Amino acid sequence: QQIIVVSHGQANDPFWSVVKNGVEQAAKDTGAKVDYRAPETFDMVKMGQLIDAAVNQQPDGLVVSIPDADALGPSIERAVQAGIPVISMNSGSDVSAKLGAVLHVGQDEFTAGKKAGEKLKEMGGKNALCVNQEVGNVSLDQRCAGFEEGFGGKVEVLPTSNDPTEVKSKVQAALESNQDVDTILGLGAATVGEPAVAAVEAVGRGGKVNVGSFDLSAGFLKDVADGKAAFAIDQQQFLQGYLPVVFLALDAKYGLVPGGNVPSGPNLITKEKASQVIDLSAKGIR
Amino acid sequence: MRDIEKHFGNIIALAGVSFDIRPGECHCLLGDNGAGKSTFIKTMSGVHKPTKGEILLEGRPLSFSSPRDAMEAGIATVYQDLAMIPLMSVTRNFFMGREPTRGKWLFKRMDIERANAVTMDEMRRMGINLRGPDQAVGTLSGGERQTVAIARAVYFGAKVLILDEPTSALGVRQTSNVLATIDRVRKQGVGVVFITHNVRHAMAVGDRFTVLNRGKTLGTARRGAITGNELQDLMAGGQEMASLEGSLGGTV
Amino acid sequence: MRDIEKHFGNIIALAGVSFDIRPGECHCLLGDNGAGKSTFIKTMSGVHKPTKGEILLEGRPLSFSSPRDAMEAGIATVYQDLAMIPLMSVTRNFFMGREPTRGKWLFKRMDIERANAVTMDEMRRMGINLRGPDQAVGTLSGGERQTVAIARAVYFGAKVLILDEPTSALGVRQTSNVLATIDRVRKQGVGVVFITHNVRHAMAVGDRFTVLNRGKTLGTARRGAITGNELQDLMAGGQEMASLEGSLGGTV
Amino acid sequence: MADVSPIIEDERLKREGFATKLMKRPELGAVAGFVAITLFFLVTASGTMFTLSGIMNFMTPAAQLGILAIGAALLMIGGEFDLSIGSMVAFSGLVFGAFVVTFGMPLVVAIPATFAIAAAIGVLNGSIVLRTGLPSFIVTLAFLFILRGASLVGLKVATGGSTQLRGVRDAIGDDWLAPLFSGDAFTGLFSWLAEQGVIDRFPSGLPKVPGIPVEILWFVAFALVATYVLLRTPQGNWIFASGGDENAASNSGVPVRRVKISLFVLTACCATLVAVITVIDAGSTDARRGFMKEFEAIIAAVIGGCLLTGGYGSAIGAFFGAIIFGMVTLGLTYTDIDQDWFQVFLGAMLLAAVLFNNFIRKRVTGER
Amino acid sequence: MADVSPIIEDERLKREGFATKLMKRPELGAVAGFVAITLFFLVTASGTMFTLSGIMNFMTPAAQLGILAIGAALLMIGGEFDLSIGSMVAFSGLVFGAFVVTFGMPLVVAIPATFAIAAAIGVLNGSIVLRTGLPSFIVTLAFLFILRGASLVGLKVATGGSTQLRGVRDAIGDDWLAPLFSGDAFTGLFSWLAEQGVIDRFPSGLPKVPGIPVEILWFVAFALVATYVLLRTPQGNWIFASGGDENAASNSGVPVRRVKISLFVLTACCATLVAVITVIDAGSTDARRGFMKEFEAIIAAVIGGCLLTGGYGSAIGAFFGAIIFGMVTLGLTYTDIDQDWFQVFLGAMLLAAVLFNNFIRKRVTGER
């Protein structure tokens, strides 16, 4: 059996490296031969080409994420036409069935962002920063957009880079120049969440600014456990890599397949749960 | 050309030089190293804009905004640094900026065969047998390179031909070729400006001689009104000659 | 040096040349453009590795892997392209690779004042008054630049001094200075290799004359064993001289 | 005068075979690299890489990159850089998308209008560089940021807050100009070939390869035209001269300013061509389109033998450079190597390709 | 012989003020740009940007970038590029992190060992460039990919699957070498100053600025040393010569190979210094550290007046170039402008800074 996974996240992205770990675990558990592929940057044109390349190899199953249905649709339809069972994961729950995918595992970035927004609003936030480490990456932009909708209050998107020093300085600058900010949402725990917490401490507003972040990192979870940060949003993306592969393997072997979509998250990790997950996070499972 | 001045930042390279060229005449420009000869002819051929002064062509004031303008006005120049692209072939350098074309409209293309043939011919006329027209200029010897530049200027020269130390790196045979060429184009009615440090070369072909010193003209003399030795003294800039001069027996 | 051959790809620049230098003697290397003179001296000073042949110094075979090696063996060279960095100042070019230092250990630094003073002095000795030691070489006139290269080689020259057409761009005064300098260092027991196209310059200072033609030696003559005119004919490479030669009155 | 005889034999020339002569051309190194990489993948990759569909698959990204790379190569030969082409792809994509979707223009209007805007930016780039004498690296770098940022802002305005503009395919419908810029060419021929069994088919009966993607045709055509211009026209000579030595060229009467500005316009238009093709093909555009493409284009040009200092290089070299880059980026997916190793692999292959090409060239030309 | 008189007045020199002379130095353009940007932000940004804490805040990233930029500038003056420094930051970070966390080495061992490995990679880079004569752009580009990929693979091995290696701070504890590479210097002085009321305090009584971050000290020290070396030592002369014209330099006896290899080692060590500082400071390292830093470093060097073609530039210029870049990236956050405009703003400010510097220089030196 050969199963190919094509996603839009890079192998060195902490979020996607966990997905990949799930894929690898599934490969080990099912004995199938699984390939994980992704473009080097958020690049829909390239991703379409990777799907085409996968279809050419006639695998027994194909797992894709669908952040842009317009761009990827034709390639996915071509796979379906070629008789390859397709499962979508992570993004694209709304279009997955239409394009002919068997089912979808995971959840929209937008919905997850919305949920985070609601939670932070509940905690009394009125004025928020959405710290985006890769503006233009549609899946990250959607997290911010969802957050804006759920939060309701004033949200400013703060574009930064992957460099923790720069993120910390920028967040610090934003906090210094705007004393009203009371909420920060980071779009990645290691790259943005940890430096954001450090920045809040540095300007002496620890406890007055709620910090939440997408995804998990051991450092950020520790901050959550210590009460320096509010929560981390876990999509349990390990499942998004693990389940589709297992489903497709079972499908190929026995023709068994679940009947509906599987939502993998979101799951808010707050102070109570944080310390349990630290170890798993350090190993790249959560 | 009248009262040309040229400053580079705080350096005054030319402090008022006047000069004229007549058709069919070879005007030699002489002077010590750093006197400003090259700067002066660069002003004449549109490379530098004069800080002060004006250029008149056939009575009308002119202002060249680029060497291409000057070329179109009929001035061809051999620069001291030759203005060659080392990585390009001899032919491409020869015709740079004035490529011969063939065909029409969309199919207008460079006539490479003709260009190659002309280049080889002109070079042979100057006494250099090139190995091939597509050798890169950067791999030519110093004299070969200089010959390419001279052949190019002569080939395209129209009204005025300016030569900045054209014979400095040339062998005996090539030098006499160049002097002969100057003589020939002069007889065709072209005005020639010839810069050299070699008094013998200057006396051989010059009709008038102008000596520059430290950015100023020391004066102009007609042929016959001055002897080679006088000229030599003028060129040395009036400073006492190095003491060994005598012992070397006037060989320079 | 024995039977040196040098090929560039499919181009044979030197096809077996033998040559020797003796202390206190000025050996002139003459020849047509493209004869291979520059290539030959570059082989001697470690720039090129010979394709065939060997170099002997005081009887021992030598192999220079870089010009620095040759320098350390006491060979100083003025290259035809001068080996100057246009963007750097005159002083920095003068001392490039052999900077004078002051202080010790961590505080070992360039002795800028001394370097500047030496440069200005040596240049003035050659007859050039520089505006200042920190002018960039790229803004010097052709002759000024050449003088810097010569002054540098003379200043550092130890056993052998090689000059590739050192006087080509020089004015009258500078030229006589250079010839005088050659004479002076020769008397100090340094061996000089002097390349030129000017027979008079060669006759003035040369003790022996070797003529190259198309990558081969045409023969070596002692001073007195050959006249200027014979040398001139040899240098022209045996091909018939351009027809105008006569009418120009032997001025070249 | 000396006699003007026909070109004579020169005893100072060794015999030189035709092959040797060929290898001296700048692009032939890239060809050697290309051959080496092909052999490598023939051995290591799964067979599907070199089926017809596999080839089309790696040629499509190579073609898109290649169009940019040839433009970048011409500009580099002319002595300048354009770091803004990647951002230009995003910006032109936005402009084109907005024209088509937001303003509902037909392609006959939208495409020329997009090219006009791109050309204007090219002129702006070029004039700033030439006016100020600043290095083009820094000027176009500023435009790298400006255009990328403008695309983001523009997208948000055009879509009302999203960074992705969709619905281009619907808006275009079956505009008669679309086939020139999207989809596959020679579909009829290919389905006929498939029926004859020359081309593989899917179980559903459709040919695995429906035709040749148009970008490949654009790519090949552009490479040929660029080569012709460089080697056989006065303009080509001017490009080499401007890049080789600006001063010398202008002293010899080459209109250096005009040449350089035209080249900046050309690269902007190359970026726009790629933008139009990918936007129509994908049906959408987003703010990350063309990200890092400027570097990939320069990489391809350098693999193809262009010198960063200008004055040397070839369009055919950039052509093969782009194909090498395309093969390497897609090739790993056809092998069994873990994706984590992708970058190590990419770097090693690049190095191997240029080392091999260098080795071959030195061997053949006998340089030391 | 001619008389050897003291330097005489030359009538061909116009009087030239001290200011004019200063402005001719390559770095003074960058200083002008720096002043302009500062004035701009003084007017437009919120006052907090230029409080002590605000200054430390933008100087910290500027210092980290600047250490790389000065290394890159020296290498550029020497005529070569190193595109692998960004990846080198990630790779050295991994190596250092693994030494400390996985192997539990003390800093006295771990730091020299990391530097040794970096230096070895620098030598490798340099020897490939010099041996093959390939452009350093392409060789170090290959290492950009290779080192980046190796960091990812290495991290996964070291952590058992994660892309982040953490626990560095715990592993180090209070090693006596740590204060040299992390945290703030002069903390005593600063808290004393805070008590005197010279420095703002938090309500808790702690000074708002606890000290000067060590990277800033490293940065300043390195800039001074580099300037000294460039302008006052033979080695500096060799660097200029090697970059100005490799052939001419080597013909004049400059050990070009040795100079260039040392410069490659230097840039690798700069990257390692930044890696060590950031890893200790952040307590962790991940696969994306240093991403794109190679370009930012080159940008800073070019803003600072280095020529891409080599042979010209200055370390002080790169120093100010890095500060300009740091101020511009952070400055927008202090203004009221919508952050979506960030990249447009960054590009525009860069362009404005270099245009201004160019304008000033032309004015002062009277070039046409």
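Going in written order, the chains are labelled A, B, C, D and E, and every chain counts its residues from 1.
Keep in mind that, in the parts below, contacts are C-beta pairs under 8 Å (C-beta built on N, C-alpha and C of every residue); 3 or more make two chains touch, one makes a residue touch a chain.
As the structure is a prediction and not an experimental result, all values here were calculated from the model.
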item: Shortest path length from chain A to chain D (each step joins two touching chains); value: 1
item: Contact pairs, highest-scoring chain pair; value: B-C
item: Per Cα centroids, the chain farthest from chain B; value: A
item: Furthest chain, CA centroid comparison against chain C; value: A
item: Centre-of-Cα separation between chain E and chain C, whole angstrom; value: 43
item: CA centroid of chain A to CA centroid of chain B, Å; value: 71
item: Chain centre separation in whole Å, for chain E relative to chain A (CA means); value: 34
item: Averaged-CA centre spacing for the pair chain E and chain B, given as whole angstrom; value: 48
item: Contacts with two or more other chains, residues of chain E listed in rising order; value: 1-2, 12-13, 148, 152, 156, 340, 342-343
item: Sites on chain C at which at least two other chains make contact; value: 8, 11, 81, 127, 131, 177, 242-243
item: Per-residue overlap in chain A, given as positions that touch at least 2 other chains; value: 11, 135
item: Residue ranges of chain C touching chain E (in the complex, touch as defined); value: 45, 47, 66-68, 71, 77, 79, 81-88, 92-93, 95-99, 101, 108-110, 112, 120-121, 124-125, 127, 129, 131-132, 152, 177
item: Complex interface listing, chain E residues touching chain A; value: 45-46, 48-49, 53-54, 57-58, 60-61, 64, 148, 152, 156, 159-164, 166, 202-204, 206, 208, 278, 281-284, 286-293, 329-330, 333-335, 339-340, 342-343
item: Partner chain D, residues of chain A touching it in the complex; value: 11, 20, 35-38, 40-46, 48-50, 52-54, 56-58, 68-71, 73, 81-83, 135-138, 141, 145
item: Touching residues (chain side chain A, partner chain E) in the complex; value: 11-14, 17, 21, 135, 156-159, 161-166, 169-170, 172-174, 176-177, 190-191, 194-195, 203-204, 217-219, 281-285
item: Residues on chain E engaged by chain C in the complex (per definition of touch); value: 1-5, 7-8, 10, 12-13, 228, 232-234, 236-238, 240-241, 244-245, 247-255, 311-312
